[in-house]
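Below, chain A partners chain B and then partners chain C, in two separate complexes.
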Partner chain A sequence: MKRYALILLFLVACAGEAEITEDAHVGSSGVKAEYIRPTEFVLPGERVGFLIEVSNDGTSESSGAYTIASDPLVLQLQDPTTGRFKLKGRTTFTPIGEKKVLSFKGRVSELAKREQTAEASVRFNMCYDYQTDATVSVCVDTRPEVDDEKVCVPGPVSAGGGQGAPVGVELVEMKLLPGDIEGVFVPRFTISVANLDQGVVLAQGIRNPCQGKGTLKEDFGRVGVRATLSNVPLQCKPFKFNAGAPGLNNVVCTLPEGVPDQPAYLAHLTTTLTYGYFDTIVQSITVQK
Partner chain B sequence: MGALDDKKKAAPAAKPPAAPVTPAPPAQTPAPPAPVAEPEPAPQPVQPSQPEPAPQPVVPQPVHFVSKFMAARAASRAATTKVEVKNTSEVKNTSDKETSTTVFWLLALALLFFDIFFGRYATSFANFSVWFFFSLLYVFLGIIWWVTMKKDIKEGIKISAIGFFWPLLALLGDFFPNSKAAGLVLGFIMYFVHPYILRFVAENPRISLFYFLFIIVCIYSFYLEDVQALAESRGIRLNTPSFKVVFLHYWEKSGELMAFMGQQLMSIYSNTMMLATGEGMDRVEGEEEETVMDLGVAIRDVKSEISRPKEGEDLLITGTLEATTIDLPLAIAMTCTAFTETDDSTVAEREIPGTLEDAEFNLEAEDDVQESVECIIPGEDVAEDFDRVEIETKFAFTTTTSLKNDFIGKQLERQVNKEKKPLSDYGVVNTRGKAEFSSGPVGIGIKTKDAQPISVDPAKSSLGLPMQVTIENIGAQRGLIGQGKGVVESVNRLYVLLSKPFALSRFSTIQNPTSSEGISQVNCDSFPHQECNDDVTNVYDISKAALDVYEGEYEQGFFTMNMRVEAPADQILGSDPVATHTFAVFAEYDYAITTKVSVDVEKKKEEKV
Partner chain C sequence: MKKAIVLLLCLSVLIGCAGGGEPQGVRGGVQENFRVGSEGIRMFFTPGVPTDRLFDTEEFNALVELENVGAHDAGAAGDRVYLSGFDSRVITGIPSGGVPIPPLEGKNQFNPRGSRDTVSFKGQIAKITGDVVPQPLLATLCYRYKTEATTNVCIDPDPFSPGIRTKVCEPGPVGLGDQAAPVAVTNIEVEPRRGKTGFRIRIRNVGGGAPFRNDASALGRCNPQERLKFNEVDFVEVTDVKVGGISVRSSCRPLDRGHVRLDPTSGQGEFYCEFTTTGSATFLSPITIDLTYGYRSTIQHSLVIIKTDID
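Right after this comes the complex of A and B.
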């Protein structure tokens, strides 16, 4: 009997392992927050509590700051109303990211006798750093005019759906430009990037919106870019999201030393984007007698 | 130019893959948009031999109403103006100028196209240097144009000078993305100048095409963001201009604009009527909240028990007093007075005091009474010249109002707007800018800024906001006081509650008011109407002495008090990206309802001796 139980345990364990081998780098979420059992109606003078679950639904480890606020004439939240968090992200072997439950308390103001109701919004704001790692296979073909059987055909590579982060690579295009040395071609990559979630992209390390400080214009949308082609670093132009521009935003990276003239082959283009992200969740409360 | 570069490089994304290796791909260079059909640049000069005092309606074919207009204009001119015979050289001179005008238009058009499609459109106005360059260019062109206008040339061309600057005004729209007022002004200018353009087009058919294209470009510019959003929603990528989309949107927006302007005109008309009847002027709109309890005082069913009393007969006037209180006691005082009539203005009407059965009513908090009112005028005062009886009901009342203001960091707001994300996602929910007041015979409105949320620039030391408080007598208008006419006799006290860190920095013309001017900051303990917390609220007590400056305005039905509130900019948001601050006003005032009953007294028949 014991032997059967061990076999069964082994099978279950194997089955479990099969499930978690999915690619973790999918989805368009970073750190998400959610009110747990939100309170919609409260009484005047009541002491209320708010539970908020903060979870890292993406693949990058993230550290950040939070703040919670409301209309002080309706709801006075008790200190501390600000804090910091650090959460590990999803991996291939841990398909659920780290979570943290935050608790806040407050007191609802009394209503004037002639007032029947009052309303207020409770806003929970997060500012956190995040990283997007995107890897796509690109076809490098220095001899497009040759019609031999090739291992790959060059063309735009779609990477839609996100890479487990709020900012994602959507499309990669490559062009081969003639290099300074004959027989060497310089690959130039146009990497289209999009803000896939509800929040606002900030420069890495910026927490100002969650600290009541003014955020400089240049700190919005600033994204750090690193890219490699088969582990050889590329040179990328500084990149900043232009939120008002229609369509996608493009990062341009090149390999200045170039690639030699050779038959078509597949290479891995790895792009790493580093940035800050600001997001808010809101809950409305109604004070009723 | 970084964004521009990005934009240009985005274009090949939709193209087929990877071209063969070619030196210096031509796609790198910006492709000229050139959607403009090459217009005829060298029109034939006007026939110099014809003096044309009344130009024949040679008009662009599709504009039939223009030809009607011109025909009427020609007839009018023929009837009223002298035929001016110019010599050939003068006419030729004018024609030359017109030709150069045409060239000028061509140049302006080309530059505007270039500006919009390369500078503004491609960079979405982010590239300030491009914009600035073209702004200077426009100013330069404008000066040249103005100088040429000094010369003696055709009236139509002069009018076109207005037309030149008109569409450029639309470019200012970018600076007021949230201002309805600015949008309205621009829209008004657009439609106001339209007849002049039609007239100009009719007089100068050779350059009508350029004008037409010019208008299109400017409309395109005016609605640029909307057009982009619309195109995106329909799955159209606007890498190149799509005039089809623009035109569709233009018609939709024009319809909306016309409807909006119609509403505004109706509103102006009704406001004028209200002003004429003494009911309306500029005032801050208030809004009655839906869930308030009815409270206040009303007089109903006031009448004479005898419809046509005889001379010398006792007169009994009856009515009903209804009163409801919630939080405060209420004292009501009533008087009853009869008046005689007189046809001679030099003779004053006589007042006859009546006798009320109950002249005072005292209500406790949370009370609700309905009492009958009886007034007797003794028979000896009921004479042939008897005119009416007036019942006056006076009471002191308090009305409250509050306005929630949402504040957001300046750059964050811009970014959220740029990304076209709903502000409600960031907790900005109070965007109406309308106050809600409690029930009673007056309404109180508070207004700070129309455009909510209010931007906070933490780089500045403080943020000041105008705060207008309007007290409007709405009792009779909304049937709240029953029968009669109500009037605010005096405002005795005003409590202004400001969410910290806001402070009252001006009341009327008094800067930084102090207690010596009748305005003092008090603790919540001294505020009787509602629980408040000194940690989060600043309370100001504005006494009657300070309020008396508005005394003469009570009778007009409403009056607006101008105040200013200020707060250190770095404290408004606290540690949050969005903050809500509530401003509230509690007004204590005396109110009087006058109810008139006309009485026709039957003359006593003289007995025959």
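Right after this comes the complex of A and C.
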């Protein structure tokens, strides 16, 4: 009897509704780092350790490099202070991305005779490649003058909130231009892109900020763009992200072969952005006698 | 004795609850007044076919149920159901020319409920690039239909004659109820004159859809892939008007190629016909108005396609 009750309990417990996040492409984070149980106050000469959890909170697989640095007069970090990571992102069926815990060691310097305290920042830098896949539904209506019942009304489509990456699509506007052939219309999309997180957008593969080297001007904001409408590739103009000009980061894409005249329907526009991203977290420590 | 009283009481209750025989309006098994309602063919998606969510690479199936609740038969050549509103690159294999409506008997004295049937659409869902892609469905029903409206009107051949006459009726406006069709005759104003009686007949679109010209080519253009012309929408053909069995159709005006135009906002239209009278005695006469038209109605269904990660 007890055996059957246990089996029943097990079945009932397991029968609860499993929650599947159908659209995983939400949020504005990529790879995030966080100090675990951060050390704020240390003693002179103390050996200290830092634990940092690096997690992929977005939806793209990401590979990158990291480095940890501090003021060597206050804290001397032991090698290795650099490394690489590769983390998978979230999917519809795997709602949590991969994580990795990194540990670093160091030694606090002795204070000068007259000094009672000293402060230093421990900076953890990450340089990683990422990809944004943004899909929005756009209403294609080649007959705006017809007053029949339609499944949708054309207009700007807001995609705010992010698509599971630090760079996201904010707004999509479409215009249908007359094609060369009668009865064919060429859609032109203006896709507004924004940096939704706290880091800096770089070209893919750039690791200079994490290696203590200077970064060339042309490597800032260089974003690769691909777009499809209903699985058909679009032609997109080259795009460079300008952090100093919010609201003006627009990608323009067209479908040169056009769409035929037909009743209004919802098409899906997928924009893929590929870029590098630089982000940093800082932990302050205070050395007290 | 007590048992007898109880039995008598039970019998009284049974007789009281048994009702007075046939339902109201039914005599000898025949439904006398079946011309009620303001719809022709009713249409709806069969629940669950399709469901609200489908995975990409799955088969697509949609079942549309049709119920003829009007008083005219439907399902003739040219009567079709179309499916649109979706991206044909996502849901493939759906015929753009629609599917024919099966024969659907309308309501009559012996069949007061009309008839119903289904049409199906089969296709395939292609792989999608986004996680979740909405694909709303729009079913469009295009069919020819008829309205037959009958009522009695009072005719006074000599309304302004001097002296006192005994009249069996007084000419005046006549309101009509619905006629089991999506376009109804709502009102007839009788305008008596010496030697002629005029009838101002008002009609209205009451079915929730859109009437269009009774014309094979217009019926074909009802397909959402085509376009109905501006001079085809909101037109109803006046097939015949009879007073006392005599056709007065040739006197009806203003008609555009035999059709009366409905106001697109109010759905109302009117036309004027004349009946030549003789004598001087007033009399009641039946008036019958036959209208023929194409009719289009639509319904929507929300559908979402979900991406599977399986390649």
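Some points to look at:
We take it that the second predicted complex is superposed on the first by the 268 of 289 C-alpha atoms of A that agree within 3 Å, B and C clash if a C-alpha of one lies under 4 Å from a C-alpha of the other, contacts with A are read in each partner's own complex, and residues count from 1 in each chain.
By definition in this document, a residue touches a chain if its C-beta (ideal position, glycine included) is under 8 Å from a C-beta of that chain, and two chains touch if they have at least 3 such contacts.
Fair warning: this is a prediction, and the values are worked out from it, not measured in the lab.
After alignment on the shared chain A, the placement of chain B and chain C results in a side-by-side fit free of clashes. With chain A as the corner point and C-alpha centres for all three chains, the angle toward chain B and chain C works out to 130 degrees, nearest 10.
In the overlay built on the shared chain, the residue A:F93 is in contact with chain C alone; chain B does not reach it.
In the superposed model, A:S55 lies in contact with neither chain B nor chain C. In the overlay built on the shared chain, the residue A:A264 is in contact with chain C alone; chain B does not reach it.
By the touch criterion stated above, A:L177 is placed in contact with chain B alone, chain C being left untouched. Applying the stated contact rule after C-alpha superposition, one finds that A:T254 touches neither chain B nor chain C. When the two complexes are overlaid on their common chain A, residue A:T142 makes contact with chain B while staying clear of chain C. When the two complexes are overlaid, the chain among chain B and chain C that reaches more residues of chain A is B. When the two structures are aligned on the shared chain, A:T274 is found in touch with neither chain B nor chain C.
Taking every C-alpha atom of chain B against every C-alpha atom of chain C, the smallest gap after superposition is 17 Å. Interface residues of chain C, counted against chain A in their complex, comprise 84-90, 126-138, 210, 224-225, 227, 298, 300, 306-307, 309. Taken in their complex, chain A has these residues touching chain C: 22-25, 91-93, 133, 135-137, 143, 146, 148-152, 228, 230-232, 262-268, 270. Residues of chain A touching chain B in their complex: 67, 69-74, 76, 81-82, 109-110, 112-117, 120-121, 123, 125, 141-142, 144-145, 153-156, 171, 173-178, 185, 190, 192, 195, 198, 200, 209-217, 220-221, 240, 242-250, 252, 278, 280, 282, 284. Against chain A, the residues of chain B that register as touching in their complex are 2-3, 6-7, 9-10, 12-13, 17-21, 23, 25, 124-126, 228, 231-232, 237-239, 291-293, 295, 326-327, 365-366, 400, 404, 409-412, 414-416, 418-419, 421, 424-427, 429, 438, 457-459, 499-500, 529-531, 533, 535-537, 570, 573-582, 584.
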